[in-house]
Amino acid sequence: MKTTYLKALGEAMARAMRADPDVLVLGEDVAEGGPYGTTTGLVEEFGAERVRNTPISEGAICGVAVGAAQSGLRPVIEVMFIDFVTLALDQLVNQAAKAHAMSGGQLTVPLVLRTQGGAGRRWAAQHSQSLESWLTHIPGLKVVMPSRAADAAGLLASAIADPNPVVFVENKTLYFKSEEVPDDVEPVPIGSAAVLRAGRDLTIVALSRLVDESLAAAERLAGEGIEAEVIDPRTLVPLELNAIVESVKRTNRLVVAHEAVEHGGFGAEIAASVQRAAFDWLDAPVERVGAPFSPVPFSPPLEDAYVPGADEVYAAARAVLR
Amino acid sequence: MAFDARAVLRTMWRIRHFEERVGQLKRADEVHGLLHLSVGQEGVAAAVCSQLRDDDPVYSGHRAHGHAIAKGAPLDRVMAELMGRDAGLCRGLGGSMHLVDLSRGFMGATGVVGGNIPMALGSALAARLRGGDQVAVVFFGDGAVQAGHFHESVNLATLWGLPVILVCENNGFAEFTPRSAHTNVERVSDVVAPYGLTRDTVDGNDVEAVWEAFGGFLDAARGGAGPMLLECLTYRLRGHYEGDPAKYREAIAKADWQEKDPILRLQRRGAAGGWFAEEEAIAIGRETADEVEEAVRAARESPFPPAGLAAELTYASPPGRSPEEPVRA
Amino acid sequence: MAFDARAVLRTMWRIRHFEERVGQLKRADEVHGLLHLSVGQEGVAAAVCSQLRDDDPVYSGHRAHGHAIAKGAPLDRVMAELMGRDAGLCRGLGGSMHLVDLSRGFMGATGVVGGNIPMALGSALAARLRGGDQVAVVFFGDGAVQAGHFHESVNLATLWGLPVILVCENNGFAEFTPRSAHTNVERVSDVVAPYGLTRDTVDGNDVEAVWEAFGGFLDAARGGAGPMLLECLTYRLRGHYEGDPAKYREAIAKADWQEKDPILRLQRRGAAGGWFAEEEAIAIGRETADEVEEAVRAARESPFPPAGLAAELTYASPPGRSPEEPVRA
Amino acid sequence: MKTTYLKALGEAMARAMRADPDVLVLGEDVAEGGPYGTTTGLVEEFGAERVRNTPISEGAICGVAVGAAQSGLRPVIEVMFIDFVTLALDQLVNQAAKAHAMSGGQLTVPLVLRTQGGAGRRWAAQHSQSLESWLTHIPGLKVVMPSRAADAAGLLASAIADPNPVVFVENKTLYFKSEEVPDDVEPVPIGSAAVLRAGRDLTIVALSRLVDESLAAAERLAGEGIEAEVIDPRTLVPLELNAIVESVKRTNRLVVAHEAVEHGGFGAEIAASVQRAAFDWLDAPVERVGAPFSPVPFSPPLEDAYVPGADEVYAAARAVLR
């Protein structure tokens, strides 16, 4: 069946709400479908009690979700831009992430925080960030970042079913990409990576929007007789590091690619972990592809130059092959 | 619910003895961390929590011992928590600012001022969506009222008509500074006036007054008339935290305090009203002191938690692979 | 300051023509990003900013074009910014939601709703501590009033008595939902009542009324009587952003709008009061339309910024070593 | 002259306020000295206009500081615990860090956000975190994290003089350590590392509280005939990576140690950068020392086991020497 990343998310929410009356959706304008239409149709099917528009109060909304989750509901909240998660971090990091441990295991917080990041739409520095690496540093949170419509649906199903707080990071440029998906989506287990292309010469680990960019770079490399293996971790926490390490032990070369600023990005964690786990197998230093160290510029040519893509992945691949 | 003077007196004494004992044990380094005692404020916890059911969710903040005890948390397990023992309410992982007793509906305390308020709304929302008649209650101080979370929450609670009662213990101080250093609005109940929610300000050291005001709110909230805000004017007898020299304010004269003390006041009132004989009050004081001693003894017997506990409880099961292993792969 | 009908009319037409042109240019893909137009709301920007000095700091939000223009930002440089050109106010790095013209005291817009309000307090604090008589002004919408930053700021501004005027453009909608979906408190000026600050609600499409109300606040604030809040009831004629189908609300009937339109209203009023001849008004409309065309032409001539500009301006000089080099070492 | 980290900070603020009338201090109870007494005496000397107690409104306080800085003041704000910086991140990350670039260079934001992190005092999961790595991921912010009283004073002077927003991360366990410092403190340039112990056998890069722990581990190693070089970067952004890389090119082995959770911590960035810059010189994988992946437990023995120290650094050193 043909669908889009966006529709896949909406349908995953609808399925979860049909299956479990405790699932509800909260966020700004979600009953109107939100700015992208991700939640379109939900209020008609499930009503305004379970599909709740909220005021512009990201902090309180997240706190409400934490309390609701602690009391048995399974809230799915939408924070319109990951840039605004900055307003919800006390609730997410100090409360949601720690409640289970701090209570000695009494409380569980099965909430999903859906948000989206990334540049490319000329929305400038406050609506284009990629801040997922922050969340990977917080024990108690799970962090999911799908690049495929089918994974988005399958991982959202798993996230809603998970007893822990899950941050679900979407990408605004993927929403409208049309894609073929199986008619009945299987839940995708949180913590499992996907090998999207097999190869023997180097491994490329890519996140979210950089997955397609990396596949494009792999095509170009293939034209030059180089076979790149492309892995999409899909989940950042818990990360299936073994899948990456096993691949690197075969290819002996690694490129890690994401859209977030390279400095302090999740690529650093992957690079640091792999150089330790596969030191004797690496024939070249791990190369990282990420955004340069500056805010996202508004001007179209500058934004286009700022956002890493297939060219940067290709160059990094060439560097590790040198 | 009719005012139960005996029960409230017993709860207040339980808290008073507990807190005093915690102060001693802190100096003896037997309990740990940042300890915020509620000595002088017991009336609010007792009058509010005595009227709640176990399934009414209650949230508190950094000054939480009294609320947890009043909600029914076992003294020995609260004490064990402050000692960091495995028998503690949170198996020693939470400590003074993070007490939780789910079985008693004590949903937890947060050390981040104001952060507990939206969570209480969430529990209220859950009660409503699941068709229950539970009422959520959140305790917070006057300092939390200047935090954005408070306003966002009052707006949401009124917009959604949630069954939640916001109980502000206004002791006139936030840490080392008086309310006048935090806002021009003296009364917390005035701050929320625009939202048109039912609100009241009472003398928090007059337990009967707190009982009546809160009781009325509770009945209304059970009937679906929430939210409400109850401001209880009270007084913190000790420093902000144990060890705080409290130089920033002059101590209250002993006589004035005798006048204010919610426990002594209730005893005077009880004696005058013939609610209970003086001996009875004395007995309650003695019995609760013994309970606290017994709690200390029991807590001391508990071992510290197993080394791996925090890592084990970082994720609820099924936790899936802990991210640490892969990192260690 | 006496109401200057001509100046205000000219400013409103300037904004109207600019915004309409931006709408066209967006469809032609010549301007970029999330564009929030203020068509229909020009009266507030014009009546407020016309009374300010260049050194009065002004903050705005995501719907900022009109405020920047009214504060004196050159049309061509605003247009060039929306086109992402080097001649733009922010050299193409900011875009529609981040206009800044420091030389005119337009301190900037933020795309994060509510985030601009505390910053305006900061500029007001700076004015006071440095002994100036500047008054800070911040524009925000009705949606921002439910954000914690708003309340924390109102409390602080009143506590510190800061020379800041909070101007709320209440257009009844936040994105796709009416105010009733965000709060039970219809009037923003009622939300702040407890803080006892001077406040007023006026018809934001009646420029004379806005002028008078704001002018009075401004004089008082210069005299040290701040803060104040002015709520301007207005109406957003277009969608939330350009391209928004605006299905969420029925279009206003043309006749009703003719009635409401702040520009037509002032023209009717001006003609009736003999403030200016009809030809004059028509001329103002024509001249400002030409200004906008000239601005478009000039903006188109500007090149895009140099590739390295964002990295170069990430830190103010002396920037010290950019962290990137070391990472690249 | 003998002093403490705490007193050094207070004196640095006093000196800056004497030298520049635009410098002011804002924060909860700062006029009372704050919970530690860092700001004791300032209100007496500079008055309540320049030493301002604030309500519990971290978000607005940070926003006020941004606006004040944009209008010519040099605010130094105190956020009592780094855990509460979660409430100020919109202002810090979306506004302060980006204002200069987003305005095309028109605005500058010379603000200093002082805060403190770290465990060890039984203050539990919401008052013991180390979140500095978040801030190193944000272009436009500088991040300073001194381990020495003299550095604290010298770096705070530089931070206040800097035209950019600087996050100044202190550690609660260092405050009362008494230390010998020169009578007149020299400003320490932001972005310069310090080699605290020279050695040929391995390099240990340590942050904040882990510096002393690493020096202790180095002592122990010295007793076993192994000479460890110990480097304190002092500044995380901008990081003097060259100082680390040069050292590693001599020692061929690297341990990075900090108190923050290892996963996603700043050690990952250092490890990823060094394995790339010194790949051919490394004789062993870079080892990281950091906290385990869980919230900070309250119980004293568990907290003591949780917080990394000299033993963990020693074990990591032994691992890279294997």
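As written, the chain order gives the labels A, B, C and D, with residue 1 at the start of each chain.
The rule is short, and it goes like this: contacts are C-beta pairs under 8 Å (C-beta built on N, C-alpha and C of every residue); 3 or more make two chains touch, one makes a residue touch a chain.
Bear in mind that the values here come from a model prediction, so they are computed numbers and not experimental data.
Novice: Average the CA atoms of each chain to get its centre, and name the chain whose centre is farthest from that of chain C.
Specialist: Centroid comparison gives B as the farthest chain from chain C.
Novice: Of the pairs A-B and A-C, which shows more C-beta pairs in contact?
Specialist: When the contacts at A-B and A-C are counted, A-B has more.
Novice: Approximately how many whole Å separate the CA-defined centres of chain A and chain D?
Specialist: Comparing mean C-alpha positions, chain D is 30 Å from chain A.
Novice: Just the number, please: Cα centre separation of chain A and chain B in whole Å.
Specialist: 39
Novice: CA centre of chain B versus CA centre of chain C: separation in Å?
Specialist: The computed centroid separation for chain B versus chain C comes out at 45 Å.
Novice: Take the average of all CA coordinates in chain A, do the same for chain C, and state the distance between these two points in whole angstrom.
Specialist: 35
Novice: If a residue has to touch 2 or more other chains to count, which residues of chain A qualify?
Specialist: Counting only residues that touch two or more other chains, chain A contributes 55, 57, 59-60, 83-84, 87, 90, 94, 101-102, 124-126, 136, 139-140, 237, 263, 269, 273, 277, 293-295, 297-298.
Novice: Mind pulling the chain C residues that touch 2 or more other chains?
Specialist: In chain C, residues 88, 90, 92-94, 98, 110-112, 146-149, 152, 155, 159, 182-183, 309-310, 313-314, 322-323, 327 touch at least two other chains, as defined above.
Novice: If each protein chain is taken as a node and each touching pair as an edge, is the resulting graph a line, ring, star, complete or other?
Specialist: Chain contacts: complete, every pair touches.
Novice: Please name which positions on chain A make contact with chain B in the complex.
Specialist: On the chain A side, the touching residues are 22, 24, 49-50, 52, 54-55, 57, 59-73, 75, 90-91, 94-95, 99-110, 136, 139-140, 142, 162-164, 189-191, 237-242, 245, 269, 273, 277.
Novice: Which of the residues in chain B end up touching chain D in this complex?
Specialist: Touching chain D from chain B are residues 32-34, 84-85, 88, 90, 92-98, 110-114, 143-144, 146-148, 174-177, 181-183, 248, 304-305, 307, 309-311, 313-314, 322-324, 327.
Novice: Along chain A, where are the residues that touch chain C in the complex?
Specialist: 28-29, 31-32, 35, 53, 55-57, 59-60, 83-84, 87, 121-127, 262-263, 292-302, 305-306
Novice: Using the touch definition up top, name the residues of chain C that touch chain D in the complex.
Specialist: Touching chain D: residues 57, 59, 88-94, 98, 100-102, 107-108, 110-112, 115, 117-127, 129-130, 136, 148-149, 152-153, 155-156, 159-160, 309-310, 313-323, 326-327, 329 of chain C.
Novice: Which residues of chain D touch chain A in the complex?
Specialist: Those residues of chain D that touch chain A are 59, 83-84, 86-87, 89-90, 93-94, 97-98, 101-102, 124-126, 131, 133-134, 136-140, 237, 260-261, 263-269, 271-273, 275-277, 279, 282, 284-288, 293-295, 297.
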